[in-house]
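In the two complexes below, subunit A is the common chain; its partner is subunit B in one and subunit C in the other.
== the complex of A and B ==
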């Protein structure tokens, strides 16, 4: 029984994504199998070189780097959405797997929850 | 009691991109349950969904939304809990 947490909103504009990240890390910390999927504008979370100090926020890039430490099984990103936002594979954070976010993917998880 | 392949719990109004995404992904063996602002999309959902559509009564009443039984099955919180136990998968939009 595995859970998929989906982030489809961009970073920094709202808190929805960070709350989803907290949810995923909490599940993982209690040994519940969980993966994260970034799709739509959510793929912008995964861009290397974010410097949100300019808007007085903390980098979500650093948060995401903690995912394997907490035991999050996979960081997934929709390949088409990455293309749409001009994200090439080498611009993505390390450890991201490109997938197609469709109903086929969701069948691998007993629970799928969109953030916010 | 019949099994549900996937229970889609949809709490977004029809203008939200996830509303359309949910309707395009939900198959004929799936059930879409409209809750919160999702109840505002009852007409759109029952037109376009290939599977069954249900709607949560307290959220309809709160918004003054009425429906006929042909559009969707109207359910209470207890029935919602029971649906989650019968579904193979649950997707919370």
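== the complex of A and C ==
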């Protein structure tokens, strides 16, 4: 059974997304198939060149770059939401697949979870 | 529904008491599920939901004491309640073991809750027939 972890909140403003990422890594560590979907304001996680040092937070880019190494199957982003936030393909982190986050997508997964 | 096979549930609570309705909704759900003949395998507290396991919550006496109501329910039904260790440590919720490890002045984990890793959630969602999430308002 494959799980889709959904991150729909922007990075840094809340810990929910970071904790959702931990859920994904935890599943991967137990050899459970898992993918991440970024939608809504959550697509901002995927922006290249994040520098949150001035707000004393760690960049989430490193965590996401490690996702394939930890066994996360795919980083998915809703294409329309990327457009809405002015994110062009070349501004996205490597390895992101653009999708349409609709009910059809969710049928590919047996389990879906949000952190909060 | 009466003829159907009973479900077993893992409940995940990510909303804190008194800032969200998540613990209350989860408790109503758990009570209704058990009453209908289903089983609750475990309750996993994640993110802000770990606040539910605080032994120090002291709401005004005319408000429900959700941490106490939940611990009573867990004890009555022999259901394990587990708070995610990473979420708990960040938010100042510790058992005696973590108190010693981090040399903290106090511990505040309410029995029968325990502290453990996300592996408990992974295992719960594999072994239960349904996993249900109770989120805060975000």
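One rule holds for everything that comes next: the second predicted complex is superposed on the first by the 116 of 116 C-alpha atoms of A that agree within 3 Å, B and C clash if a C-alpha of one lies under 4 Å from a C-alpha of the other, contacts with A are read in each partner's own complex, and residues count from 1 in each chain.
Following the convention adopted for this analysis, contacts are C-beta pairs under 8 Å (C-beta built on N, C-alpha and C of every residue); 3 or more make two chains touch, one makes a residue touch a chain.
Just so you know, these numbers come straight off a predicted model, no measurement behind them.
Colleague: Counting only touches as set out at the top, which of subunit B and subunit C does A:30 meet: first, second, both, neither?
Modeller: A:30 contacts subunit C only, not subunit B.
Colleague: With both complexes superposed on chain A, which partner does A:95 reach: first (subunit B), second (subunit C), both or neither?
Modeller: In the superposition, A:95 contacts neither subunit B nor subunit C.
Colleague: Considering only the touch criterion stated at the top, classify A:14 as touching first (subunit B), second (subunit C), both, or neither.
Modeller: second
Colleague: Going by the contact rule stated at the top, is it subunit B or subunit C that touches a larger number of residues on subunit A?
Modeller: Touching more of subunit A: C.
Colleague: For A:22 in the superposed arrangement: first (subunit B), second (subunit C), both or neither?
Modeller: The answer is second: A:22 touches subunit C but not subunit B.
Colleague: Which holds for A:113: it touches subunit B only (first), subunit C only (second), both, or neither?
Modeller: both
Colleague: What residues on subunit A does subunit C touch that subunit B touches too?
Modeller: Subunit A residues touching both partners: 111, 113-114.
Colleague: For subunit A, which residues are in contact with subunit C within the complex?
Modeller: Within the complex, subunit A contacts subunit C at residues 3, 9, 14-16, 19, 22-23, 26-27, 30, 32, 111, 113-116.
Colleague: Which residues of subunit A touch subunit B once you look at their complex with the stated criterion?
Modeller: Against subunit B, the touching part of subunit A is residues 8, 40, 102-103, 106-107, 109-114.
Colleague: So in the complex, which bits of subunit B are touching subunit A?
Modeller: Its residues touching subunit A are 6, 17-18, 25, 27, 88-93.
Colleague: So in the complex, the part of subunit C that touches subunit A is made up of which residues?
Modeller: It comes out as residues 12, 14-15, 46-49, 86-87, 90, 117-119, 121-123, 125-126, 131, 133, 135-136, 138.
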